[in-house]
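Look at the two complexes coming up: chain A is in both, with chain B in one and chain C in the other.
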Partner chain A sequence: MDPLSESGMRTPHNGAVVQRRSKTRSYRQSYRSCLGTASRLGVTPALTARRLNASRRAAKPQNLADKVNPEHLALLVKAEWQLSYVTPLYQFRHTQLRSYSRQLAAFIVAEKQQGLAVEVSELHNSYRVSLSVVQGLTESEDDAETVLIQIHSKPMFARQDEPQRSVWSGWLTCVHGSPEYLRSLPKDFTCLPLFGSRGPEYLSRVVKSWFQKTFDCCFGSLEINHTSLQWFAALWTDCHSQSHIQHLRMLWTIPAAPPLQITYTVDPQDAWDLWNSVRKEATAAVTEDAASIDLEEVTGFLQALKSHFYRHFRLDLSAGTLQQVSTALGSAKSSGRIKMSNSRHVIATLTLLTECALLRMPI
Partner chain B sequence: MYDTSKLLLQRLVRRIPTQMLKATLDKWGRLTVEQRQAMDFTQSKWALTQKLLSVCEENKLTLTHLAELEMIHAMENPNQGMWYTFQLLEPENDAQSVELTQFKQQFKCHLSELLRQMSVKIKKHTDEAVWIRIALGSSFSKPNHLKPTYVVHYLQTPYVFVRNLTSKLKPLLSQALTLATRHQGVKEANLSGRNLTSIRDLLMRQYQQVFPTKYHSPPEEEDQPVLNQHIEKEQGGVAAHRRHMAHQAFGDGMLPQLQSAVYMLDTKFRDPNNRTMTEREETFKCVVKFSSINLLESLRSCASSGIASAPVTPLLSSIPLKGRNYFVVTDNTPGPSSQGHQTQN
Partner chain C sequence: MPSSSLATTRLLIKPQTALKSSFLRFMLMFLCNMVKCKHRCPTFLQKAPIHVSSVGLCFFFLPMILVSGAGSSPCVRVLKCLIPASVVPQQAVVRAVVWLNVSKIPISTQVLFIKWVLTVFDLIDAKDQLRAIYGFIFSFITEENLCPYICHLLYLLTRKENVHLYRVRKLLELQSKLGRQPFLMHLLSLYKVFCPELVTLSIPSRIRSGFKNYISPWKSALVAVQKSNGQQVSSSISAAFTIKEKSISRKRKHCHLDLPALSSVLNKEPQSEQTSRRKMVPLVHLSSFAQMLKDMHRIELPAQMGSLLGSSLALQYLDCVQEESALLRLNFWLGCALHEGNLSHFVFQEGFSSSDAFLYKFLNVWDGSLLRPQILGLLSNIPVIPSTRGFFFYSAFRCFSVDFPALCLLLHRSWEPVCDCQLSLCCRNITLSGFKDSVMELVHFVGRLASLGLQLEGCNTLLLSFILDFYETVCDTFLKFGLPLVVMPPPGVFYPALLATDPVSVDRLAYIMHRWVVFLTPGKQRSKKTLHSLFVSRHTFRQFNHYLVFMVNCLWNCRMFHANTDMHVREELLHKSNVPQYWTRFDFIHHPAFTGYAVDFHQKCWPGKKDVDVNSIKSKPWSWYLEYLFNQGFDGLKDFVHSSISRQVTAGDKLQDSQQR
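Then we have the complex of A and B:
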């Protein structure tokens, strides 16, 4: 199973067919086999599939204002993004962004004329696309730089001097991706596994299909699973001492008839005290790496919250599903929507999401 | 003035579904026979509005007449908007004998003493409820008919239901109500919901209740075939017991529709595994909100399926028992406290 050889022959843009007849040694390892048990029989990824990292560093708030363009940062924190995972992009060059912008704009217009991307209420006749690099979000050398995509347009019957408004934005990023995996990728592949988009659905579809055609990649929806939501609850609560979280709100749905929704909002100081008490007990023995948080602590924290609930209502929240976690620092929904409200914690959130995306990718 | 009438009429026509419009207009009775016959209800709402505007001009109808029309529609469709419940306290000796004319007169009299610019309409509904529509103005402006407050009271009961109450009207309304109904005070009853009929049924226990009995009633006919004899033998008794406890806590059959229940928890965190938190002096504060399209049904099904352990905790069973859906829970009171809270306006 070597999809690379096929993809080498399919990318039309450079003309030259790159032979990817892989030598026995240089199989690109699947992400799972990088991390999981070294299984030479590992053709069934499911067996070697690893969970998310069982421990991660505590999020340090970073003042991104001096590292990242403030306009870009403002764009990132103001909206709620719909997430997808992306497989590595073939022959994506950060230097050719202007050419890509023009190609994408032309592609959108072509799709509209074919009638594939039509939205009845919005009649736009010209699109201006801009792809730009957002520097400063990534720290490690293995991460590719984040790319921001914006589509501006003017409604058909607008006046001449009316400026174009942004109708769609998206970004591709990789923050603290697993170095082993990133280094195992062949040279021509750029890994930007996390894609966030905001705007009309038809434009998202067009952008994705352009990327798929141009860089031979695959997009898929990224749902935030239960464990990741628990991580968000813990990580955001952990930040309370640096940035006031205002509340810790969790939304559970219970499968009753009709379905029951439970919103459990905890006072921030109490959540912080509870979190500390869970951490102190779990890491009583190991004090050297106080900055790292274990999955056990996270599940212990959630379990404590659930048991407090049970003591009053005798209703076990584990019977339901956790759908949403939100604090003043952001909100994460299990449907794959994320909002990062505080610029100082953007990197921590993106790190967790990059990991989810890398795990979710099929290759 | 005239613009407000137009606006009110437009809003009414937009809000009332076309199938009900004819009946409502007939009930209103302000159109002549020819005008009624000339109305073509297959036209668009915009065309109907224009026609009605010209009819109203012809008949020289004013804002008060339109307010009547709105009231008729509101009485036919009580399950809209958000209703809040109040309870009258400490009835005087003659509270039981207050009847409609006396109430109307007293209420209008007291309220007009307190307020200059207002418009009050009182009507009695077929189910013995007294509906009051209040449009409030200020010393500088005429009554605002676009945002009226509706009050529903069942005479001889201590319950009052209010929709769209403003903070300005609240103290005046409380005073007028207590005086008119011969009580000493009024307090918030901590029950709110979208369905007026449901919250009324809940408070007045007009739903099918199950009373605790020593001997359970004989099991009903099973309409589903028993899937597995072994499972049935082991689990059947337990499941039936759970179901019985659930029905005992919440009731049988169709339950009144509540949309949400809010608990403000302010209790100490007690967990044998977590010594730090248990020893903590301060309480653990959190807010829990249950919501569903029919909350009592959901809770009952949680209890019978075992998601909520049986017997149902008093916090949840207080919803139908005490007829409230807002609770402040502290450690001092054995169950949910009955302290009031700020009104949501």
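Then we have the complex of A and C:
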């Protein structure tokens, strides 16, 4: 049993925050207010913040081993996750996780009986679900704590003493989410916009369905767009001095006939040198905090890589699309799959992904 | 009620079936006799369904058709026309099924009969006798042609006690022979629901719902006939309250709005039992407006707000209560559904402020192209509020043909609430002038958009037509709605319209100018509304005068390139063009839009003449020509000429007149 889930779990709705919230409540007007329609249509702060940040702090490697439960951390880094975005959850309580686990387990069984959660090859009898809090991933006050969901089961014809294996895992997280947006939500909502899942598709569907029914939220697939992939390339390359990235590999698809797929692998040291030269040019102009990286530097970096490729192969990669970026620290695919291979850079990756997810919030 | 006529029945009998025709004739006469004697008259229409109103008729009729049929097409046709009025006695069906096995009825007729049973299944009064012969019906399943329909019939009849292992085995055997046919899978899945231990194979959760719909044309004919006789069409799906029932639904692809089922809250706070003294009534349990009013303060919102969209009662409640969290949840759901493309059509109900609020929020993040027609259509339904300036910049510049009608509608509807009740304005803290300003802004913006659009699209006729439509609506504002709005079309719209090559645009422009002339000329207004409260700026008047003068000069006075106009073309260029008499080139005869009519008229006037000289129209036949032109449907031109140009006075005087205004 996870003791953490029983402690007085802090969801960001405690008294200290309430005061601040009431001041900024004007952002989301109560429709009953008689202040007039103009205020009713007040521009929400999410509007102006609804762009991917043009600059961000360079990823500081953080040793999470002492902050985060090592088991959870191991789970996070070993697998590739399929990403989705989630709208804020209504009346989600971190204190009720045990009850939620029971409900979810019952729901899975019910769905199976109805014939909706059936997979022909697998024959599982009983499910045990555990929802737990992963403390230590978030640092800011506004972020809700990460929730980890695991489904264990035993195959039907297993022996009695055989332990249950984990057949599906997923997590809901919010790492350094936009404070304005988070504070503008009413009290009852918990914003955990990023959802990662690993396992059979039918179980993902069932879990999503349960969340939708219980917390009135909506799931949508989160694709990692071109800009974000560029950010990943830059951020990971930037970490080379601290953790050896071993290679910078990019996958491009060119819309030729037949379509061409190009895997462009750059030697880590070369990538590091190129990155430094791009940064030197950029920072020469503006003397600012060297720890922050600008979008221009990132695009400059990618542009340099593309022009190098052009010089050798006479093929302009701008004509194609970047599908995948991978280094030893992780891999990101445009279809929305992420792998975080190094625990020290999990936070930076999740920060970027949280931002992408918040951008997809419908309103 | 029209009485039956034996004459029509003759149509049903074909000469070649002489042997059986006597029997058939007997049957039909029997029918008519029954009708005449004591039962309500069916309506015998030529080749139309025989309306069997009597219970007894069905009882006799059905097996006899099958027996006597044996391949005769009249029998088939009679069967096809057999539409029961109220109920079908199950005894008739049972007897017919019995006969199905006994006589040598061709397969096609058997198929037809089973299809008929499926069509009228809802009207069979009781099903217990049919269930009693379940096994007998099941035995037909081996017949390949009958199999799908028998499966469907069994699906409708099956109860738990009918599920036996040998039947399951039979179905599986068939499956191995015929493959994983959907009708077999459906029946098996139903068996599995009743007795999961007997059916061990896994049914994929994605099988398409429902059997193949082959009876729908028949069913619709049935419904039509019943409706025409004022019968209540009973259907197995009752629509008492417009909430979507939670059926054993299969997962649907993104084809249409997939509303979540309305259900109670699952996620209850554990301490809420103590705090709430009153018992909350879940919205699910409400079935009428009166009930909602009674329990207004105790209503509990459902677990998923998206489910409310299917029910107008629920939306009304939401609109009334205006709870922020609930509305936010609904907005999230709507936004998500929009982004994921799951809304193929909006189900917004007009007049709900929650949908207005959602739309305003959504507009802020709208990219201008997603579901543009629907969004713009919705916009035309909501009142225009000042400070929605931001919206103007989001609409894309490309697809005008959709934008303009919607913008026109937007203008149209934007002042309706104003006129209807002035009180609402006070509540909303909008002043009339503030409102008028925003509408003016809208019109100016549309003008800019229009000018640009015409430039981009090369003065496309269709686009011009929409734009002129918009300006016609602007003309109407004062007369119809009381909003004093005087805005001229910008030069970027006026000149392309006047010099357009199609006559309709010129006609519409003339109509618009005519309306303005009438509106702005004191004494010419026919309506009681006066201009006392109206302040029209000098600039507007000047612009109007310029337009009027230019138009008259162009079309009538043959003084197109007059010095005082907006069009400044240097004389040298005009000479260079080598166009003879360039100043007349856009009058009623030479204008590219009307030159066809001029030639036509010329030929009508002087049919023999070989070479056409349209200038000759200018003299005596001028008024006839004008009449001819106006009779082609150009009422706008007619009105314009009559209101702005008076022929008794010379053209020069009129010019002075218009300038003095």
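Keep in mind that, in the parts below, the second predicted complex is superposed on the first by the 314 of 363 C-alpha atoms of A that agree within 3 Å, B and C clash if a C-alpha of one lies under 4 Å from a C-alpha of the other, contacts with A are read in each partner's own complex, and residues count from 1 in each chain.
In the analysis below, a contact is a pair of C-beta atoms (placed from the backbone, for glycine too) under 8 Å apart; a residue touches a chain by one contact, two chains touch by 3 or more.
Note that this is a predicted model, so its numbers are computed, not measured.
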Between chain B and chain C, which makes contact with more of the residues in chain A?
C
In the superposed arrangement, which partner chain does A:Arg311 touch: chain B (first), chain C (second), both, or neither?
first
Quick check on the superposed pair: does A:Cys218 touch chain B, chain C, both, or neither? Answer first, second, both or neither.
second
Could you say whether A:Val278 touches chain B, chain C, both of them, or neither, answering first, second, both or neither?
first
Who does A:Ile254 touch here: chain B (first), chain C (second), both, or neither?
first
By the touch definition at the top of the document, which applies to A:Tyr264: first (chain B), second (chain C), both, or neither?
first
Which chain A residues are contacted by chain C in one complex and by chain B in the other?
none
Taking the complex as given, what residues does chain C use to touch chain A?
189, 192-193, 196, 202-205, 248, 251, 260, 263, 266-267, 269-270, 303-306, 322, 324-325, 327-329, 331-340, 353-354, 357-358, 360-362, 364-365, 385-388, 390, 427-430
Residue ranges of chain A in contact with chain C within the complex
28, 30-32, 34, 36-38, 40-41, 43-44, 47, 50, 87-88, 90-91, 93, 96, 103, 113-120, 185-186, 188-189, 202, 212-218, 220, 360-363
Chain A contacts chain B in the complex at 254-267, 270, 273-274, 276-278, 280-281, 304, 307-309, 311-316, 319-320
Please give the residue numbers of chain B that touch chain A in the complex, ascending.
263, 265, 267, 269-271, 273-277, 280, 282, 284-295, 297-299, 301-302, 305, 307-309, 312-313, 315-316, 329
